[in-house]
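Here chain A shows up in two complexes: once beside chain B, once beside chain C.
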Partner chain A sequence: MQSGFVLVAMSLLVFLGVYAVGDPIEILISPDADQEEKERAIRALGLDLPLWQQYLVFVSRALQGDLGRSFVFNEPAIQLILQRMPATLELAFGSMIIAIIIGLPLGLYAGLKPDTVASKTIMASSILGFSLPTFWVGLMLIMVFAVQLGWLPSTGRGDTAVLFGIPWSFLTPDGLSHILMPAFNLALFKISLVIRLTRAGVRETMLMDYVKFARAKGLSPTRVTFVHVFKNILIPVVTVLGLELGGTIAFSVVTETVFAWPGMGKLIIDSINVLDRPVIVAYLLMIVVMFIVINLIVDIVYTLLDPRVRLETKGT
Partner chain B sequence: MRITTAICALGLMAGAAQAQTMTMTMAVGAPVTSLDPHFHQLSPNNAVAQMVFSRLVGTDAQSRRVPDLAESWTAVAPTIWEFKLRRGVRFHNGSEFTADDVAFTIARVPNVPNSPSSFAGFVRPITRVEVVDSHTIRFHTATPYPLLPLDLSNVYMLDRETHQNATTEQFNAGTMAVGTGPFRVVSHANGDRIVFDRNDNFYGEAPGFARVNYRMITNDSARTAALLAGDVDVIDQVPTADLARLRGDARVSLAEVLGLRIIYLSMDHERTGPSPFITDNDGRPLAQNPMKDIRVRRALSMAIDRNAITSRVMEGSAVPSGQFLPPGVFSHVPGIEAPAFDAEGARRLLAEAGFPNGFRITLHGPNDRYPNDGRIIQAIGQMWARVGVRTAVEAQTWTTFVARAGRQEFSAFLIGWGSNPDGSHPLRNLTSCFSRERGWGNSNRGRYCNEALDNQLITAMQELDESRRERQLIDIQRAVFADQAIIPLHIQTNIWASRRGFVVTPRVDESTIAQSVRPATMR
Partner chain C sequence: MSTTTKTPVVAVETPFRRFVSEFAASKIAMVALAVFVFIALIAIFAPWIAPQNPYDLAVLDIMDGRLEPGAIGGGGYVHWLGTDDQGRDMLSGIMYGLRISLLVGCGSALLACLFGATMGMIAAYAGGKTDSSIMRVVDLQLSFPAILAALMILAFLGKGIMNVVIAIIIVEWAYYARTVRGSALVERNREYMEAARCLALPPRIALFNHLLPNCLPPLIVVGTMQIARAIALEATLSFLGLGVPITEPSLGLLIANGFEYMLSGKYWISFYPGIALLVTIVSINLVGDHLRDVLNPRLKK
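Up next, the complex of A and B:
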């Protein structure tokens, strides 16, 4: 119910927004087209109707599952987005994996031995991860690893292999070498986030009674860290990463542009540039749905990780 | 880790070595939106269409008309053009190209569903198509129409048998992207890349590469980096900021040619009363629009130091101009040079026009459309301020800007225009009266209007004698610039960069096509 309201509000906003920004025809039409051609194009794209009628047409079609055809590509908007989705998904998950692989151990270390030089270095560099702008880091990565050292390809997706009828880059060595830099670029912010969350969590739980008790019981430090501490700090990390994943899938625009990664982010920025309204609307509606689903999944993972949540639900 | 990087490096080297003999990868800055050659009239789409399809009348690197699918064309009567077609041409699927296919194409062009910008204007003058025999076709027009060959150099020929019910989606999927051109489409990933193979049965000069990867990298820095990293062999739209560095890099060579795109200022000619962004020095609206005064327009033009803009802001990638077309192009006006910078003269003219202390104006422009557009208007703002016209500068994104400019919301603004190599093209679109009936002045956003000149243009556009027509067009342009209908600034240079081993022939029309690239060894 609530989500339905969000969807309607979102589509209305996009309609009004695009209308306020400019006129798609002015951008799409060839500059030497004459007035007759211009009027034909306006009619062909259904822009001759008053805005509220355009919206009603959109709603009535959307209810039948048709979110409209792209002005630019003349293909169903939803199909365009779905075509680009695998590229963005693998990039987002790649960056998530990198963030966890790098962020968790570093955060654990910084939390367990907060006063060593190494920990302080880790914490200081995590500030860089937060504050450096993505496009700058991306270009620097390209300059260093592609142009100067020549280790990694600069842009694009590389070779792909087909799985479930969809081309994926991560299945080929060439594709993997292509995905490494953009995924790392996207991961940078998340690495810092994970480090800080983990460190804070570790420092907090280490002082808990049950940890002291476990230690007193004579359990090995490894067991205390990985069974008793680790499980408990995962809850905030999962929450934040879940929401971050949604954000990465929806808005990896900058990284995709810098690395010419043919994902949804690049599609949406290109579409905004030419005011391709059907694609913008369809995209944002899909993002709303995606966030709703992700929140649901995060809740479920919660219950798996934290018995208290399960008990509470049973209690009420 | 070291082993994997070594493998990656090896892979790259192998790729580069292969490229020199077989494959070429080029990266373009503007995305291709469709492989349907009649769906969206957009320069990147037209470039790709030139690789897959052919036209009756082709254009060479200097934008001169050359025979392509038609071997010759003549006006057999004032209102009848006859085209003799090349024999033995076959489409990629083996189907033969005949006059009937031309008739089919002309009929399809205005009827592509949902086209956001169709090619209909190029075939509208044709009232009737007459297939004389399998390789002769006649086009009837209502009035004498000398521009038909030029118009048809924008129309890509399809096959009746193959494309009878072909949809734009089928073209985009590659299944219907079947033409007579030098390359056939292997695969197309929307907004990412197109892969082409050489068409071994091509009737013209054989392409230099067996395979071409045509990639779209819209970010300027990323495109340059991809070239320097060796991931791509050729890039277009080289950003001016990288020019100095690339000129000094021995691995890279640049191919440059003066193009057909003029950057100019347009002014509010429509209002005689107050103009929205012009006030006196105290911020009160002026009773009359000063832009209606030729002395003010001329003063504003003289106040601009065009050489400073082209050398500093554009880093040498533009040439100052006082007219639409560069030298050497049909109907370029001899004797109109770029106006000299003369601040003193500008002040004098302003005083004569009744503005000894100048006035206030806002100069608008886009900031993401033309190279350095935002910086150019800033420079002009300062130059105008020097002659007493206190100028505020407002740059905005093209999507917003172009809609407002099209509604005549501005008093003065920067904009650009890519001309066809014929003076009638900019005249008819930029400086003729806005008229739906004639279909003229649609990009005349300042609404300059001079009926007498329009009548001369009508005559010129029906003159079949080329040299007489050129003289008429020169006279009209001379009058337009004498009246300072627009303030021309500069004509841009088109620049491509390529890695060693690849030679690019620069094209005046900005098209980035694989036919322009040759392996260096073949020279």
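Up next, the complex of A and C:
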């Protein structure tokens, strides 16, 4: 219900916003066309109708999956976006995995031994992860690893392999070397987030009675850490990472521009720069839909992971 | 003789003095504050201390383009941080860029604060439907990533410093609104607000003269952090080519300009503006972080 309302509100906003920008006729028709030609074009595009009717036409077409054609590529906008989507999703998931691989162990360590120098260093650098401008870090990564050391390629997706009819970079060694740097760049913020969440979670659960009991039973510290503590801190980490997925896809706009990664983000920036309006509208609406779906999925997964939530909603 | 007539100074502990001494207790925060003041001074006095006016095309010499740091250009002075492709002295470019970055960052954060705080207070004071509809908008705004919302607004409005400021205000006001509403809900039921109501003060005076000052501490903390966020957001948008116009480059645009030369090893065009941006943001964040510790009574020992 709420998500439906959001979707309608956003489509109205996007629609009005785009129409407030200017007259599409001036871009589409050559300036030396006479008055009659202009009027014919206006009628053909449905621009003579009152605004609310234009909106209804736009919505009914959108519901049929038609969000207009790109001025630049002369292809349906939705198709253009869907073509680039796998590259963006690949990047987003890659960065999630990197965030977990790096963030969880560091956070765990910082939580178990909070007073060591190493832990303090970890926590201090996590502040950096929050405040560093992502695009600049990306540039520095390129400078060090691509230009100075020459270890990793700086731009593009590299070789791709086809799976389910879609090209993926992570299936080939060359593609993997291409995705490593952008994914790490995109992961920076989330690494800091995971470190902080894990550390807070560990410090909290270590004081719980069941952990004390497990220790008193004489279980080895490794077993206590990984079975009793670890399981319980996974819930908040998974939830927050899930909620971050939408933000990651949105923020890949920046990373994709830095690393010339041919995904949706690069497409939208290029489209904004050449005022390719149908693509802009289509992208924004897709992102809104994506957000609503992600929030829904996270809610569902959360209830599956944490039985307490289920009981609470049943109780009320 | 004069010393005897002087009354001995008694340290009266006013809230402000206590705040200052508590803030000064953290060395890191004091250093960060000093760094930020230094940066702000550079930005303010850039036209007088910069070796070159980077916007004056007459003094730019294309022959001085892409000089390495420390090289001496046609102007006869040392380019300590090198020059960019148009022969612009990077040190001067950074000083002027800081001006724009700080102006946009602080200005938009302040305006967003004004708007957001007003909305938050209205929500808390009015309650009921007004409250829930304002907070519905706030929730919606907060669930949407800042970069996307700003991108959307700039796609509609076009480039320009004013448009960037507007975009940042629209993106950030919700944080202030939520913060102020939270503390205003508590303060609303205090005795002094009851007194204000009994005296039949008009809502405007009750809100701004009595309620707002008591909601300030959390607002200051959020405001400091949001300045840093606004500066970073402006830099990112300018880097993407959607922010400030090319004639008045902010730090983000300077970094973007150097991007294409980075692959050929000419690192300084992007590197030094980035360092300036980094130091600015980190120093503001450190100050904000410590302010939160000082102003939050729950964290006090």
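In this section, the second predicted complex is superposed on the first by the 269 of 316 C-alpha atoms of A that agree within 3 Å, B and C clash if a C-alpha of one lies under 4 Å from a C-alpha of the other, contacts with A are read in each partner's own complex, and residues count from 1 in each chain.
Keep this in mind: a residue touches a chain if its C-beta (ideal position, glycine included) is under 8 Å from a C-beta of that chain, and two chains touch if they have at least 3 such contacts.
Computed from a predicted structure; not experimentally measured.
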item	value
Contacts of A:284 with chain B and chain C, given as first, second, both or neither	second
More chain A residues in contact - chain B or chain C	B
Partner chain in contact with A:99 - chain B first, chain C second, else both or neither	neither
Which superposed partner A:259 touches (first chain B, second chain C, both, neither)	first
Which superposed partner A:143 touches (first chain B, second chain C, both, neither)	both
Which of chain B and chain C A:237 touches, first, second, both or neither	neither
Partner chain in contact with A:274 - chain B first, chain C second, else both or neither	first
Which superposed partner A:151 touches (first chain B, second chain C, both, neither)	first
Touched partner set for A:224, first chain B, second chain C, both or neither	neither
On chain A, positions contacted by chain B and by chain C	21, 139, 142-143, 146-147, 154, 257-258, 272-273
Contact footprint of chain C on chain A as seen in their complex	6, 9, 14, 17-18, 20-21, 127-128, 130-136, 139-140, 142-143, 146-148, 154, 246-247, 250-251, 253-254, 257-258, 268-269, 272-273, 280, 284, 287, 291, 295
Residue ranges of chain C in contact with chain A within the complex	140, 143-145, 147-148, 151-152, 154-156, 158, 228, 232, 235-236, 239-242, 252, 255, 259, 262-263, 265, 267, 270-271, 274, 277-278, 281-282, 285-286, 289
Interfacial residue positions of chain A with respect to chain B in the complex	21-38, 40-41, 44-45, 69, 71-75, 80, 83-84, 139, 142-143, 146-147, 150-157, 173-174, 177, 257-260, 262, 266-267, 270, 272-275
Contact footprint of chain A on chain B as seen in their complex	4-5, 7-9, 11-12, 27, 31, 33-34, 36, 39-42, 113-118, 120-121, 124, 168-169, 172, 189-193, 215-219, 221-222, 225-226, 228-231, 398-400, 402-404, 406, 417-418, 420, 425, 429, 436, 439-440, 442-443
